[in-house]
Structure formats: C-alpha cells, structure tokens
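Chain nomenclature is as follows: A, B, C and D, assigned in order of appearance, with residue numbering initiated at 1 for each chain independently.
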Amino acid sequence: MKSGSSVQVRLPSELGFEKVAMSTAASMAALMGFSEDRIEDLKTAVAEACINAIEHGNQLNNGLSVGVVLSTSDDELVVKVIDDGTGVRNAPHAPDIDRKMHGDEDPRGMGMFLIQALVDEAEWHQGPPGKSFVRLVIRLDKESQ
Amino acid sequence: MKSGSSVQVRLPSELGFEKVAMSTAASMAALMGFSEDRIEDLKTAVAEACINAIEHGNQLNNGLSVGVVLSTSDDELVVKVIDDGTGVRNAPHAPDIDRKMHGDEDPRGMGMFLIQALVDEAEWHQGPPGKSFVRLVIRLDKESQ
Amino acid sequence: MQVTTKVSERTAAAASGGAVTILAFAGDISSASKDAILGAYHGLNGGATKILLDFTGVDYINSSGIAIVIQMLLEAGKSGTQSVGIFGLSPHFQKVFTMVGINKYAAMHKDEATALAAA
Amino acid sequence: MQVTTKVSERTAAAASGGAVTILAFAGDISSASKDAILGAYHGLNGGATKILLDFTGVDYINSSGIAIVIQMLLEAGKSGTQSVGIFGLSPHFQKVFTMVGINKYAAMHKDEATALAAA
C-alpha cells in the first residue's frame, strides 16, 4: 500500500450500518499490518463514531449520509467520520459506574469515552453542516495501549 | 435495513484494495441475512470485479479511483464496480483447463468467468470514462447456485 | 438495519450447590437489544438468584448495548438477592467491559466452567 | 498493497510408502505470489515426485493467484514424474478450483491426513 492511499465510504444514516464501516476499517488496518488486538480496538472506535454521526449528528435523517475517510501514511491509519450536524461540544468523560448503578447517571454516554480510550488520538471538530467530524488515529509502532 | 439503502466506497487504483471492497460487501450482505456460502461467492466476485477495474479499467493509475456502489432492495443486493476505462468488450468465457495445461491458453483470464458463475446476475456496461461498470446481483431467495 | 438479539435461558449446577440461571445471548448487543435482554431478565422466575450472562454467541457489542447490560445489573443490584456473572466475552470485550467498570458489579469469567466453579 | 505469500516446505510419509513433499502456503495467493510459489517449486530437489500443496493458512485467493497454481501444475505435468495434490482449501475455494477445472490435474483433499492416505 503506498503511503497516502485513501478509501472513502458513504453510509446511510441508519443504525446497523456502522458495522459496514467497521468492516471496511478493519480490512484496511489488516492490509497495513495492524495486530488483531489493535484492529478490534479500531473496530469499536469506528463503530461508536459512526453511531454518533448517525444518531446525534444526522439525527437518523434518511436524506443525510455519513462519510468515512480512511487514510494511510507510513505508520498510521487516520479515520475521519463526518456528519451533517454541528459537531460535539462536550469533551469525552469517563463513565462513573457507581453513579450509573445507582441511577444517578444515564447508563448510556460511553461512546466518546471508549473512542478516546481505544485509539492513539481522537479529536472532535465542530464545523458547518457536512464538516463536523471526529478524527481517529492508530499508529503501527504503538502496538499496545 | 430499509429497502433502498445504499453504501458507496471509493478505492485507490492499487492492487490489494479489492480486499477492502470485499469486506465492505461481505458485511453489507451479512446485514441483509445472506448465508456464509453466498457471502463467500459475493466476496470473490467483488474482488475480481475490483481487480479488473484497478488493472484493466484504470490501468493502475494512481490518480484514478474505483467506485463501488452497494444497493439493497427487499430481496437483493446489487453491487456496481465502476472504473474510468472504456469498459469490457468481450463476454466472459469458461476457462479451458486442458488448453491452459498445455500452454495453449493464458493461465490467467478467469476473473469474468468466476464473477458470472458466482453471482445471480452479472452485466458489463461500456460507457464514457467514469461510467464503465460491471453490475452484480445476488438474491436472498436464491440461497444455492 | 440492526441485527436482532436472541436470548435463551438454561439452568446449570453451581459448584457451591444450587442452580444457576444462564441467559445466553446470540446476535448483536445494541440499542435494538433492550426488549430482548430486559424482557428475558424480567421473565426470570423469582427464585433465580444466581444469574450468568453468556456472551459466547455474540460478536458485536456497542456502547448502547452495554448500557442495557448496565441497566439490568442496576435492577439486579436493587433486588438485593441476585448476583450476576458474565462469561464468553472475547478478550477485546472483556477489556471494554472493564474499561467502563462493569467488572465491579458483575464477576467476569473466561468460560462457563470457570463461571460455574465460582458460582 | 498486496499481502505477501509465505511458503514453507516439509516432508511427510505417504500411505503407499515413500516421502511426500508438502509446500504450505500462508498469506494471500494473488498476482504478487508468483516468485514465492514458483520459486519454492523450482527449489524442490529433483527427487520430489509426490507434492502436496497445503492451503490451510490461506484465506484469500484470487484468479491471478489461481493462474500461478495452474502454471505450477503445467510445469509439474511437463516433468512427467511429479504428481501434485491439494488440501486445506475452504469449501468455497474447493468449489472455485473445481469450477476452473484444477481438480482434473490435481487431486483435491479435505485435509493432510486424507491427502497422505491417498498419496
């Protein structure tokens, strides 16, 4: 794979299609030689980013699609997940399982935390519609998290 | 999955990336409920179609990309593989293993045959650059070939 | 399109004696799994105090699905009598469940034998 | 980027007596496999008359890769002394190999034991 190759995917804003992006990303990472562990991490991060784009960014609007751009360089795979929303305002925060177990915190709200915990870099960008995205990076030389 | 959902992929014209399209198609077919056997058939057909688009259609030109459009309807998955060439003139023909084994036929030249043999429908369309494509169909009610 | 979750119930003998109720999941664990998972849990007979969740047949779990598991653990915790254990998760999802802290409220085991030995 | 093909050579005993040379492939079998496959084949010592190709470690094979296998069978046929068998293909690739007619020139077996029993 030449450094700089990129693959683009467009998904409908429909839950379930995050699995298609997940497979695409997994196979791209496999081509690059990432270990199975790291590929599993990437799969979960990409799935969560797509779910957020589908649910929150595009609000399940059938007329909008989610863009996924996978770009390789020598030692990293960068995945951008783009939606038509106005982006994320909040920073990811670690779930508090005790508060969740006592009903003091929504049992949900773990997606951004998992994304950030599973990849080497995760950045959320607010932009005009069609330009809000989260950018994920996994690096080949960092085989353990 | 709503009938009519579609996923689009753009690949670089570089051998190896057919595996990315293969994974995307496999996961879409799995979402639709195709059996593992049929998914294997589709994977090989999609890979061969992408290899042809990369090698013959786009002649490994880095500046061109291969488009893959996967569309679902109630009972079928349609995959179009689009390149920037002028399309295929020849019809697929069955390999003659005896001639190949005697050096009277190129050992290659099996891609189109396999595509046609493995899916329910395969049609090659010649078009202007960026509009030549092969269209593959697999049907849910036809679980055996 | 989300893949449906199938839940099947079976009983096994705990090493410490008594019966263990196993809820075995198959398919995906996502936001679409709420009725299947909580429905199966609510349908357990009142005497089920030792519960094991079997994820062996599951290969996709997302954070909305994990939230449903947490919801069930919360209800089990409230009951005051039920203990819940987990087995059959892949190493990746064992890590993910640990990251969100589920291991604090549900013992995680590699497989059924280990889970029953501890039950 | 194409995944490289690794080929390793080993010997085993044929049921009919004598030695069988096994070429075990791992990785992908594609147009990038030519040197690995034909190189390994050309490197066999002249006495190797019973050859088995082991595809157990292979999960992707495309038509350009199959063409290289045919090229090898052609050379083995020309030698007049070598017989080649195949094992370890998934049911899908057994079907594909049969569709292109390879089974006419190389016996296809499910696994190593069956292949050695027939060798």
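By definition in this document, a contact is a pair of C-beta atoms (placed from the backbone, for glycine too) under 8 Å apart; a residue touches a chain by one contact, two chains touch by 3 or more.
Model, not experiment: these values are computed from the prediction.
J.: What is the graph distance from chain C to chain D, where chains are linked when they touch?
T.: Contact-graph shortest path, chain C to chain D, evaluates to 2.
J.: Please report the minimal path length, in steps, between chain B and chain C on the chain touch graph.
T.: 1
J.: Tell me which of A-D and B-D has more C-beta pairs in contact.
T.: B-D
J.: Any idea how many Å lie between the Cα centroids of chain A and chain D?
T.: Chain A and chain D have C-alpha centres separated by 41 Å.
J.: Taking each chain's centre as the mean position of its Cα atoms, how many Å separate chain A from chain C?
T.: That gives a centre separation of 26 Å.
J.: Residue numbers in chain A touching 2 or more other chains?
T.: 1-2, 5, 14, 16-17, 19, 31
J.: Which chain D residues sit where two or more other chains touch them?
T.: Each of 1, 3 in chain D touches at least two other chains.
J.: Using the contact definition from the top, classify how the chains connect: line, ring, star, complete or other.
T.: Chain contacts: none of line, ring, star or complete; other.
J.: Which chains touch which?
T.: Inter-chain contacts occur between A-B, A-C, A-D, B-C, B-D.
J.: Can you list the chain B residues touching chain A in their complex?
T.: Of all residues in chain B, those touching chain A are 1-2, 5-12, 14, 16-17, 19-20, 22-24, 26-28, 30-31, 62.
J.: Please give the residue numbers of chain C that touch chain B in the complex, ascending.
T.: 1, 3
J.: Mind listing the chain A positions that touch chain C in their complex?
T.: Interface residues on the chain A side: 14-19, 37, 40-41, 44, 47-48, 51, 95-98, 100-103, 106-111, 113-114, 117-118.
J.: Taking the complex as given, what residues does chain A use to touch chain D?
T.: Those residues of chain A that touch chain D are 1-2, 5, 31-32.
J.: Which stretch or stretches of chain C touch chain A in the complex?
T.: 1-3, 28, 30-32, 60, 62-64, 66-68, 70-71, 73-74, 77, 90-92, 96, 99-102, 104-105
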